[in-house]
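A single structure is presented below for examination.
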Amino acid sequence: MSRYILKIDCQDEKGLIYRISDAVFGYKLNIVKNDEFVDKEYGKFFMRAELSGEINKDEFFKTLKTMLPEGANIYIGLKDKKNIVLMGTKESHVLGDILLKHYRDELNANILAVISNYDDLKELAEKFDIPFFCIAYDAVSREEHEKKILSKLQELKPDFIVLAKYMRILSSSFVEQYKEKIINIHHSFLPAFIGANPYKQAYERGVKIIGATAHFVNNNLDEGPIIAQDVITVNHEFDWKDMQRAGRNVEKMVLSTALDLALEDRIFVHKNKTVIF
Amino acid sequence: MSRYILKIDCQDEKGLIYRISDAVFGYKLNIVKNDEFVDKEYGKFFMRAELSGEINKDEFFKTLKTMLPEGANIYIGLKDKKNIVLMGTKESHVLGDILLKHYRDELNANILAVISNYDDLKELAEKFDIPFFCIAYDAVSREEHEKKILSKLQELKPDFIVLAKYMRILSSSFVEQYKEKIINIHHSFLPAFIGANPYKQAYERGVKIIGATAHFVNNNLDEGPIIAQDVITVNHEFDWKDMQRAGRNVEKMVLSTALDLALEDRIFVHKNKTVIF
Amino acid sequence: MSRYILKIDCQDEKGLIYRISDAVFGYKLNIVKNDEFVDKEYGKFFMRAELSGEINKDEFFKTLKTMLPEGANIYIGLKDKKNIVLMGTKESHVLGDILLKHYRDELNANILAVISNYDDLKELAEKFDIPFFCIAYDAVSREEHEKKILSKLQELKPDFIVLAKYMRILSSSFVEQYKEKIINIHHSFLPAFIGANPYKQAYERGVKIIGATAHFVNNNLDEGPIIAQDVITVNHEFDWKDMQRAGRNVEKMVLSTALDLALEDRIFVHKNKTVIF
Amino acid sequence: MSRYILKIDCQDEKGLIYRISDAVFGYKLNIVKNDEFVDKEYGKFFMRAELSGEINKDEFFKTLKTMLPEGANIYIGLKDKKNIVLMGTKESHVLGDILLKHYRDELNANILAVISNYDDLKELAEKFDIPFFCIAYDAVSREEHEKKILSKLQELKPDFIVLAKYMRILSSSFVEQYKEKIINIHHSFLPAFIGANPYKQAYERGVKIIGATAHFVNNNLDEGPIIAQDVITVNHEFDWKDMQRAGRNVEKMVLSTALDLALEDRIFVHKNKTVIF
């Protein structure tokens, strides 16, 4: 018996659950887990179900399409390992944490490659037998640089791209091609401390908590839909280097949480916010 | 249009959601919110739905009964204020917090009375115009004492009894009469520090976190199904009095959370554990 | 034997602790608790000690003055209850929490009065026998309004003014007269969501954590030195009203923590940040 | 200029700080950071200072010895990297996290070796060029097994031994030889769930928080002095495998925190509790 993930979002209306569960029943699928949510502000219905059984995905898709409101988004996927590409720059704590999880076979994903604009992370990637591609940007224009990365990505075909402390801003056109597919970790509890060196900003402001935010990347820097956040407490004894050091544990944890959610198809994006089951 | 809460738990089987949503649809009810969970260890299905519409509750109950597996528990209630009785002894922080919430009309309940074995709390209850009954236990046997309380409770008919730092152990026969209706706050992160003076125990053990646990009361002291828990950090500077003082904030917060969940019919009890939507 | 709090901050230099403990020893004082911190960025020394013994405060002050670097701030106070004034507007959750703590004699302070620009809180203040002064601002200019409040404050002479959800911005000249004496609770984890309705802002941004910040009030709205912060997690099921409701528990807890720190003379302010022992 | 750590604990008496700071001043040492604490229950004084300057450690020790109460413990050490040995069994998440920190040069320690009773961790240790010693216990008695480990440890001379999920109980005589030198991570918020498979115990009990505890190892299993603890929330959807998976992040974080504290000489042990600066 196969396991499927069914995700639906559409305009809410009476009888939706009835019709969907009717279809599920008709295809002899068992509902292992089911979550629903209605955003009342927008009258929008969200549903994610884990199903077991054997189906023709295309047929099931068509059946659902005919019974759901126009404009409904329907996703039917096998519950399986996804393919990801990691991108980094120089800092290795987040990258290393993901590589270790993968090494222990605790990550629901195959890591296809590490891409970086420097070669500092090469040694670490290769310790874990992950192909490493250094695509430097010193001699080329930004456009040229992104073109090279995109060409590599088109070859690798990842389901998700994980920015594991990748410290370069991606252009709109780049982001556009991987909508809701690029996950970034920002080292502050957004929307506080957008931009460069959030720990320095946090230190200057004298906050008593610092945090990290994992989000999908969109056109506006640090303003994409938030997937996961967490914080830790700090005090006057922390200078910004201490905050950075302490914050690294949270960055690892938050990105790890967000990545798991993405890999299990648990995230919907709506109006720059996430609905997560 | 009325709002109803529908709660079902029964043996899991294929098509349950389909059949239930069929019935819901047949009664022209709209599903405002819906949660489901299957406990795989026991093959048990849990569901809670908020419905809007107009129905004959008894008829709807019968319809559901016929289509669900034998032994299914079905609860259909109006989404409305519940009636509660608070019981306390001498400490007023938890009681005061609930009285204040009630005063601000933020509690989804009517407080019918405060019952206590001392009269220390009388003044506070009366400040907020809540009837106060002191049922002292000094001159009577435990059995006699509980009989008096039970007689008062039978008169008041509360949906839930909240032990707001009520410091006397209730007998099995008392508890039996209000199964899953008595909520207690214990001042430790259970199962650590069962019994008397958990803060002193925590201090002796030198823990770095202390907490509080809200649970339904069953026959075994501090061993009932856990509804909510939370903790705060402490350090070597805290003696047990400091822990007690700091812990009071958590006790208030945890009992408040648990009470809200109970008042909104969000809690199922199964095998001494809670399923909470 | 009396208990004193000694607070010193001054330019750091070698031998400071030696000289201070020499003076303490000379005055036959016992050091019950002692904390020190050096801000390396500014070369500034901070110290707070709890001392027991009997001294002439003025003499001790003079002795310390002569041995400390120029510009040193020295505070010597009896460890005793302080006097506070609470200011509110309409919301009662934070005010009520402080009144309850005071009622239970758990607050290290006398509450001299509640001052409000509306009379919604009158009933609650009077339940707890605290003088209530409604100073409305509808018929008067802002300047006139603040003059009336200031006149009342000058009469009451509080050590601290607690803005328990006081929803009006205080002018620079008002704030100037109570520097590091006015504590405010802001319902977000500052610096995120400065200004009006932070819960709505948090909802719009789709954050997964919300919080509260207690800070001293300075000339710039929501930008004063932060004393305490805390957060709780939220999810897509929370609309902004739900966030507000959940946030109230954190607001109460954070203001309560900050107030305790102030009442025990534990806070230093330096460069718009706090050093807290 | 060298950096030293000075740790003193002794019976409390008047003038201690004065005398100590007199000696520090006499040796022309600068106090960079200073913490003191008096355990009032036992009248015990604790102090830790970071000093900069140049001294003859033995002489300074003698000077302090003569001026402190009898039985005083005095530790003077260079602020420097310590040497540690990691011990593991099969699980690699905690070990991997420490190896990664060491690889990034963020750990204030040299890792001398990984010792394990299985060879599952060999590959990982060698990826990071750390000597790995498998000391199996299948063909030998427990006494024999520990003798082999002790012989290796005597050769390596570590300052601390870190049990990174080492799943065998150490004998009293082993522990005795490394008093306050062996740090263990237990996968529960002790004292809840002592012994085997705490996650299963937590699942059975239906708790809403799970945690981890780092502690020094003493003669009684899971009862040594607690150094650090943290928790995360769980709910009814977690089976014990899910709890284990989620708990691993906390285990890593808590052991990492405890290890940092040990490596910086911040921990005192007194009456089976820790005082931590």
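Each chain gets a letter, A, B, C and D, in the order it is written, and its residues are counted from 1.
The rule is short, and it goes like this: a contact is a pair of C-beta atoms (placed from the backbone, for glycine too) under 8 Å apart; a residue touches a chain by one contact, two chains touch by 3 or more.
Predicted model, so just to flag it, every value in this text is computed and none were measured.
In terms of the distance between Cα centroids, subunit D is separated most widely from B. Summary of the copy comparison: rotating subunit B onto subunit D for the best CA superposition needs 180 degrees, to the nearest 5. Interface subunit A/subunit D: over half of the residue numbers present appear on both copies, so the contact uses mostly the same residues.
For this pair, subunit B with subunit D, the centres built from the Cα atoms lie 41 Å apart. If each chain is reduced to the centroid of its CA atoms, subunit A and subunit B end up 37 Å from each other.
Listed for subunit C are residues 37, each touching two or more other chains.
Of all the residues in subunit D, the ones that touch subunit C in their complex are 14-18, 21-22, 24-25, 30-38.
Every residue of subunit B that touches subunit D in the complex is listed here, in rising order: 37, 39-41, 189-193, 205-209, 211, 225-231, 235-237, 239, 272-276.
Considering their complex, residues 92-93, 96-97, 100, 103-104, 106, 124, 127-128, 245, 248-249, 252-253, 256 of subunit A touch subunit D.
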